[in-house]
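Take this structure, written in structure tokens, and hold onto it; I'll ask about it next.
Order of writing sets the chain letters: A, B, C and D. Residues in each chain are counted from 1.
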Amino acid sequence: MTPPPGESIAAMIRQTPVPPDSQTNRDVMNIFMTTPGLGWLLLVGICLGGLGGGAAVWIYQIYKGLGIAGYSHPIFWGAYIVTFVFWVGIAHAGTLISAILFLFRARWRNAINRSAEAMTIFAVFTAQLFLGIHVGRIWKAYFILPYPNQRALWVNFKSPLLWDTFAISTYTLTSLIFFYVGLLPDLAIARDRTTGWRKALYGSLALGWQGTSRQWKSHNRTVLHLSGLATPLVLSVHSVVSWDFAMAIVPGWHATIFAPYFVAGAIFSGFAMVLTVMIPVRRIFSLEHILTNYHFENMCRFLLLTSTIVTYAYFIEYFIAWYSGVEAEKTAFYLRLFGPYWLSTWIMIVCNGVIPQLFWFKKLRTHIPTVFVISTLINVGMWFERYVIIITGLSREFNPAVWGHYTPTWYELMIVAGSFSFFSILFLIFLKLFPVIPISEVKELVIHERAHASGQPAGAH
Amino acid sequence: MGPSIGGRFRVSPNEFMFRKASHLLARVRRRAVEVVLAAVIAAGLVFGLATPERVDAQAPAAPAAAPAGPRSSQKAYDAQTAASDPSTPGPVQPIPFSHALHAGEYKIECLYCHTGTDKSRAAGVPSVELCMGCHTHFGGDMEGVQTLKKYWDEQLPVPWNQIYRLPEHVKFRHNRHVSAGVDCQRCHGPIETMDKVYMTKDTIWWPWLLPSTKPEMGWCINCHRENQASQDCLTCHY
Amino acid sequence: MPTLLGVFTTPAGVVQAVTHLKGRGFTNLDVYSPAPFDEIEEAVDPKPSKVRIFTLVGGLLGVVTGYAMTIWMSLDWPIVIGGKPFASIPPYTVIAFELTILFGGIFTLIGLLVVGRLPSLKVGPGYSARFSAEEFGLVVEVPERDVAEVDGLLRASQATEVSLVAA
Amino acid sequence: MPEIHRREFLKLVGASAGAAATVGCSDPVSKLIPYVIQPEVIVPGIANYYASTCQECSAACGLLVKTREGRPIKLEGNPEHPINQGALCARGQASIGRSYHPDRYKTPMKRVGDKLEPTTWDDAIAILSGEIKRAGNRTWMLGGQTGPTASAWIDKWVEAVGAGGRVVYEPFAPEALREATQALFGVASEPVFDLSGSDLIIDFGSDFLESGPSPTEHARQFAEARDIAKRERGGARFVYIGPRLSMTASNADEWVAAKPGSEGLLALALLKVAIGAGGGTQAGRDGVAAPLAKIDIAAVAKQADVPLATIERIGKALGAAKSPVLLPPGVALASRRAAATARAVMLANWALGAVGKGVSIPAPRDGKLPSYHQTLALVDAMKQGSVGVLLVHGSNPVYSLPPSTGFSEALAKVPFVVSLASMPDESSERANLVLPDHTPLESWGDAEPRPGIRSLVQPTLRPIYDTRALVDTLLDVARAMGADVAAKVPTDSFRALVEQAWAGTDFHAALAKGGVFAAQPGVEVTLVGSAVDFEMAEPALEGDGDFTLLTSPGALLYDGRGANLAWLQETPDPVTKITWVSFAEISPRAAEKLGGLVFGDVVEVETKAGKLSLPVVVRGGVRDDVIAIAIGQGHTVGLWSSGTDSGHPGEARGVNVIDVLPALTDESGGRAWLLTKAKVTNTGRHEKLPICQDSQNQRGRRLGLAVPLAELAAGDAHVEAEHGAADAVPGAGESAPGYPAHGEAAHGEAHGSHEMIKAFDASMDRAPDSPYRWGMTIDSDKCTGCSACVVACYIENNISIVGEEQVRRGRHMAWLRIERWVGDGNLEGGQDRLPIFPDAESSSTVDIRIAPMLCQQCGAAPCEAVCPVIATYHADDGLNGMIYNRCIGTRYCANNCPYKVRKYNWFDFALERWPDPMYLMANPDVTVRGQGVMEKCTFCVQRVASARQIAKNENRVIRDGEVTTACAQSCPTHAIQFGNLVDKTSAVAKAGSEPVRGYHSLEELNTRPAVTLLAKVQRGTVEG
């Protein structure tokens, strides 16, 4: 475009017109830009109720004492720790999907990793609540942090609980970073398409991202490294949680298999939770073309795998208990199956060991309602797994004189329910505030496909 | 007693709540006390500097009907005035008793009044009888001593305000420290110079630059370390 | 200097344009892309990203801190616990490991911000929302005399449109 | 210490600041209150000890009352006292609670309308004297036994005021025994049994270790007689004959579950066999020839439902025994033929030459003695309305007399009832006037348990409330009635009276010592010729039904007087480990018959006299035709004795079995208890009982071990098999104080057999430079399970009472519990939530191992490693320290403690469960734990700390025996030894180095406990 003589080139400057937006953008934006419907509000309302109830009970418990829970000698840990471990378990799917599958270059993860990561973070938050709910003197709980204090006292780094403290907080922070870094480009997209407070919010969070190649380059590298860090972290966190038990001498806890066993269990429950949550989400926001059955089927395959590992672990536990010949161990495991807690044990075995085996059949893997039901059952089963490990272990220990029994009280159940509400509220807000689907990653695929469609291989020339 | 949440032989709910509250308060107060104390001291100093010369003239002349015994020295009157001066640090005691006068001026041994401090965990607080042992003979012309006499006549104990206090889960043993040759001032400050007793500020800094102020645990530990005294937790906590 | 903006629909075009421009010595260029495309980043700047260094430093710092803190704190006031040695390495390894990850993670984030020049307040020349849709933008600074040539060059590599965004 | 308390606290004693406050909260006692006049002896912060006498039962043990700032905080046994020699039973320990009891009458009360209202003493005295004037000789006095001085004076008083008379009433008075002695030897006094020298003890159900005449003393003698170290052949054998395996019986070698009522016949049958086997003295053989001729052993065997062989075997053993002692039946088996039975047993004692050796007949006591038939006579008089004023003191007849006597109605007929109780009970609630008595700690007094042993009671606590000692009250009444009356009882106060009575002794020396102890030997007795021919037949039982109702005194609540002491309610029953409630014991076979009853099923027990329903405990330790119910529960008045804890004021706690007993006496007119048959029917209801030991089946785990006597003699034992003797006590049997060195050596080789357990570095058991490693040995062969240590621990360490509901939920706070194991156990049970009582309990060779369990102060403590905040750690002197104020309550330590000795404050028990003025008895040396804190035994570290001060000042180490724990101190049998393991000469090191019996609980876990248990010795059945 050579300029006509005499005219300055500056005269030719004009703004490039903005053409119609991309399909992907619109699809995803619709989810969280549209004003919340009645159903959403209703859900939030219900959850707020549950949350309020839980909070009230917690306050009462702090005032009155942990006696309002079902504890007794010798069962010093109960529903709170059970639920704590449960949530930590849930927290594993997210990072796993994002990190490990990223490293394995499993493309199908794109559709789900954002919501999975969100779940991770919310689950960890919820789990951390339970550490506070569990301790007897929460007003002194800061003792557990190794901060410089006038007493010249430090903490006991030999205690698995302290490892826990470190592992969980590391996991929280790392997951947050991971989540945010992944979110960055999408925030920019949102920024460019919103006005008012949303623009302000996304704008400030997007840090002025423009997708320049320098940004993308360091972004890729960052995601790669974070994945590299997160992968061992995921494995370590639940190992550490498992050591809370494995390091103790309680019969039924003191087992070397616990670390891998718990990690597998965590991934298992995590994936189940992702399914339980995403199936309705997909339905409500009609994302069938992004969240395809292909994705769900892959996750079912994962469930099948982890379920088999977990079942194997169950079996090994019993085998070793028998093989060791230690009477306390043998008794503990015998009474697990046939003692006062037989019901919980069988729920656990059926839900985690038997039912998931149905996923061998492609028909069931791809039949979404079935998948939903099974994944929910797995969540139940996994809660009971922790219940069985903790309660039966403690109820039948070395000294038969202090064998005891535990039944959760309503107070405890209300707090547990409250925790589910807490988690749900966070997720519901997330649905309405951030792109549930990682837009840029999906776009990457879309553009690739377009390139192929248009005949020429991308990048080749 | 009275009805309550399940189980009658606990305290009644409102009493229970009251106690509970008082405990929570106490937690707050522990810090608060220090802050207030610091403020008071600061204020006291400022005020002290602001008023160059405290007027001692208004020491009352001996009352008309002076009781038996010699008339007390001007020093005594000054001390009494100082001890009853609310503007100086430390609470005003029911009797304007001056340690500066008794321990400083008259050089009375601490253990003479605080009996049993070398024998027992608890430091002895002198009985009214002990005070009267001397004050039947002199000081009768000072209103402080007259107040004391009133207590004696009514056979009531003197409700002194406590200045140094450790929580109940700290088992401090005065006798150990006395027999180990720790002098009172190490913890109680230059008591022999105080007309009105107040808690002196003393602060040590740990290597990681964190202060520990008397009578916090770190402060004790520091001294124990300096003197190779026991650092076993069970020494003080059981 | 005038700045030209070429708009592309496929990464391939961008790559092609970039390589040509570079070949012609127009190195002062940048690309807006809606999604990460290794080939583009390769073409623009083949050197590996500096973020790696941050991660390394963070990780090392973490492991050192982990061991140092635990051991020192156990020895600062040695207390016998369960008849174990004061500073027992195996349990402390857990702490050290966690701190490695933590510091590594945080430093990597810092790396992203530093290397990626974030947060950046100024909007790049010619940036518009279409580049957070599905189009690619290639901005290049060219001397006035070469405007025509570059224009042609861009169009040659399937730029859907070319415009002048700054004089 | 909470604000509310301070005022009263100061009113009581001026003292320097500091008393019970809870961890983590420190509401300042912002005032320092000095004494007005400081008593010479009192140094704030230092305890004073005063000798006194326990008033809980007729045994009259010597006390050392530990006081701080003028208030008693613990009762300890007086080492100089011949009866208990420094030990003190659970009931004695708990009795301190009477003085600080929230229920106490704070002023005199008079009845206005239908309730009692406070009044003044002057008013009360005026009213009473008026009433007595009016009633004249229609005034009667009904009360428990008091000290000799008081008793004599009261008789004078009764005369002086012209009252009708006075009846002494004790529910458990041994009248039959006195009657028997009278008949046999012409001396009316209860024989004194000394077991220490015996080599064969046969107890015909006297339960001398729990409810006998002098439990603490007998426990000591019993342990002496069976001391494995001092006696040859493993010491005395012990045969228990009775329908129920009581706590006493649990210590027997052999249990003969004879039919209740057949004891007399058995005694004669055994005697016959014994003499046949050449036993007994010459005189004895001749003396009893006639009556024995009538005895047909085979018939007796059938009647008593005991195998003939058993009778013959035990009889032969009896014949061979050098110094046997036979104990006549106690309360539980006092049938309508109690006198004859006692006579038979005493006759056997005499014939076998025990009288004068193990059994001595003291000179008869002077002064009024308890009499049941007099009581019944008084009741009749009341019914006829011929009683105008009734003064009740020191007893609770409304509760302890069977309703069938009609006492309650009779009482209604008495126009003016006066109670001199210090605490409300069923009787005082019925009174028109209450003149509250001092508690024993506030009052003067004396006691003479047996001739020559005179023991003083001195006040150690300024009366908390406006109360007066019984004698002073009566004195005031006399004065109010006029000078002439007063002149007849010349004394100016109870104190003066006591001093007067002790004139001739050095009173102050006596006060310091606790009394004058010059026991007189028993009188020489000869058999009254006619005494030998008497009718010995089985007693008839009232009513029908296939169960015999066995009512035994509560092991802790005795006749119900202990029921209002929280510690006795919360301390588990030594046999069933149940707290706070009533229960009936039946055998598994009986339970089967009643339609498969299980633990906690509620049955209805019906006799002619009435019915009551209560839950059952199904255990092998009861005869199939017997239902056993303990006496003591079922009160409707009292904070802890009634149902108030479960939230129903006025409702009864448990049942009072006396309600279903007929009012019948034995031949001597003494009170009979074994009276009636009972119908038992299943109500179909079920209750969850507050039980503290979930299973008495140890499943072969190494918790309570036993060694057969043979192996012990041989010197090898399965106990030692896995486990070196030197290791029994860490550091024992190792030469230089180079204690650390030993660890690897001895321990390594000791555990050679486990490749899993590595040699442990013993230097970590205590700081290298520490001269102490505190340790303990517990001899389960000596431990009788009496639970004295448990209560001592509660009171020494300010342990909270949690109450029925919390115990039911498994939140019992005892730091020291006594585990009762039946044999080695097996792998059965545990499938359901019911406690387990192994069948082995029913076997006639008793194999019960009693193993007190407290914090083991492990060298390699599992609890320490897991605490994130170092709230529990290993102290320099080897203690497993627990720092309450550092604890945040993760409860991980408790999970990881294999012994489960850590207790957690689920609520702010200290606040909720210490009604005023109980805080006054809190031990100021021990922090009161607050909500959310873990707590546990630390070997009474406060005592160690105090001892260390003294030692340091004299710069030496603490000497052996200079400091001991509350539990060891209270133990009557010295089963518990405490001391320094580093000092190889210490008692504990010696005891623990016992080569064969020493073992550690659950030692395969290699926790290196500082507590060494000594295995129970299985002496097997007695052989001729």
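By definition in this document, a residue touches a chain if its C-beta (ideal position, glycine included) is under 8 Å from a C-beta of that chain, and two chains touch if they have at least 3 such contacts.
Computed from a prediction, not measured in an experiment: that's the story for all the values here.
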item: Chain pair, most C-beta pairs within the contact cut-off; value: A-C
item: Middle chain, criterion being Cα centroid separation; value: D
item: Distance from the mean Cα position of chain D to that of chain A, given in whole angstrom; value: 59
item: Separation of chain A from chain C, taking each centre as the mean of its C-alpha atoms, in whole Å; value: 28
item: Chain C and chain D: spacing of chain centres that average the CA atoms, whole Å; value: 81
item: Interchain centroid distance [CA atoms averaged], chain B/chain D, Å; value: 47
item: Multi-partner residues of chain B (each touching 2 or more other chains); value: 20, 27, 233
item: Residues of chain A touching at least two other chains; value: 139, 152-156, 158, 162
item: Residues within chain C bordering two or more other chains; value: 77, 79, 81-82, 84
item: Contacting residues of chain D [partner chain B, same complex]; value: 1-4, 10, 14, 16-38, 43-46, 102, 566, 639-640, 644-647, 649, 803, 805, 873, 875-877, 879, 881, 883-886, 908, 911-913, 915, 925-928, 930, 938, 941-942, 945, 949, 952-953
item: In the complex with chain A, residue positions of chain C that touch it; value: 2, 5, 7, 9-12, 15-16, 19, 30-41, 44-45, 48-52, 55, 59, 69-70, 73-74, 76-77, 81-82, 84, 88, 91-92, 94-95, 97-99, 101-102, 104-106, 108-109, 111-113, 115-124, 126-135, 144, 147-148, 151, 161-167
item: Residues of chain A touching chain C in the complex; value: 1-2, 8-10, 12-16, 18-19, 21-22, 24-25, 146, 152-158, 162-163, 166-167, 169-170, 173-174, 177-178, 180-181, 185, 188-189, 191-193, 207-222, 225-226, 229-230, 232-233, 236, 240, 243, 440-441, 443-444, 446-447, 450-451, 454, 456-461
item: For the chain B and chain A complex, residues of the former touching the latter; value: 20, 27, 206, 208, 210-213, 216-219, 221-222
item: Residue ranges of chain A touching chain B (in the complex, touch as defined); value: 63, 139, 148-152
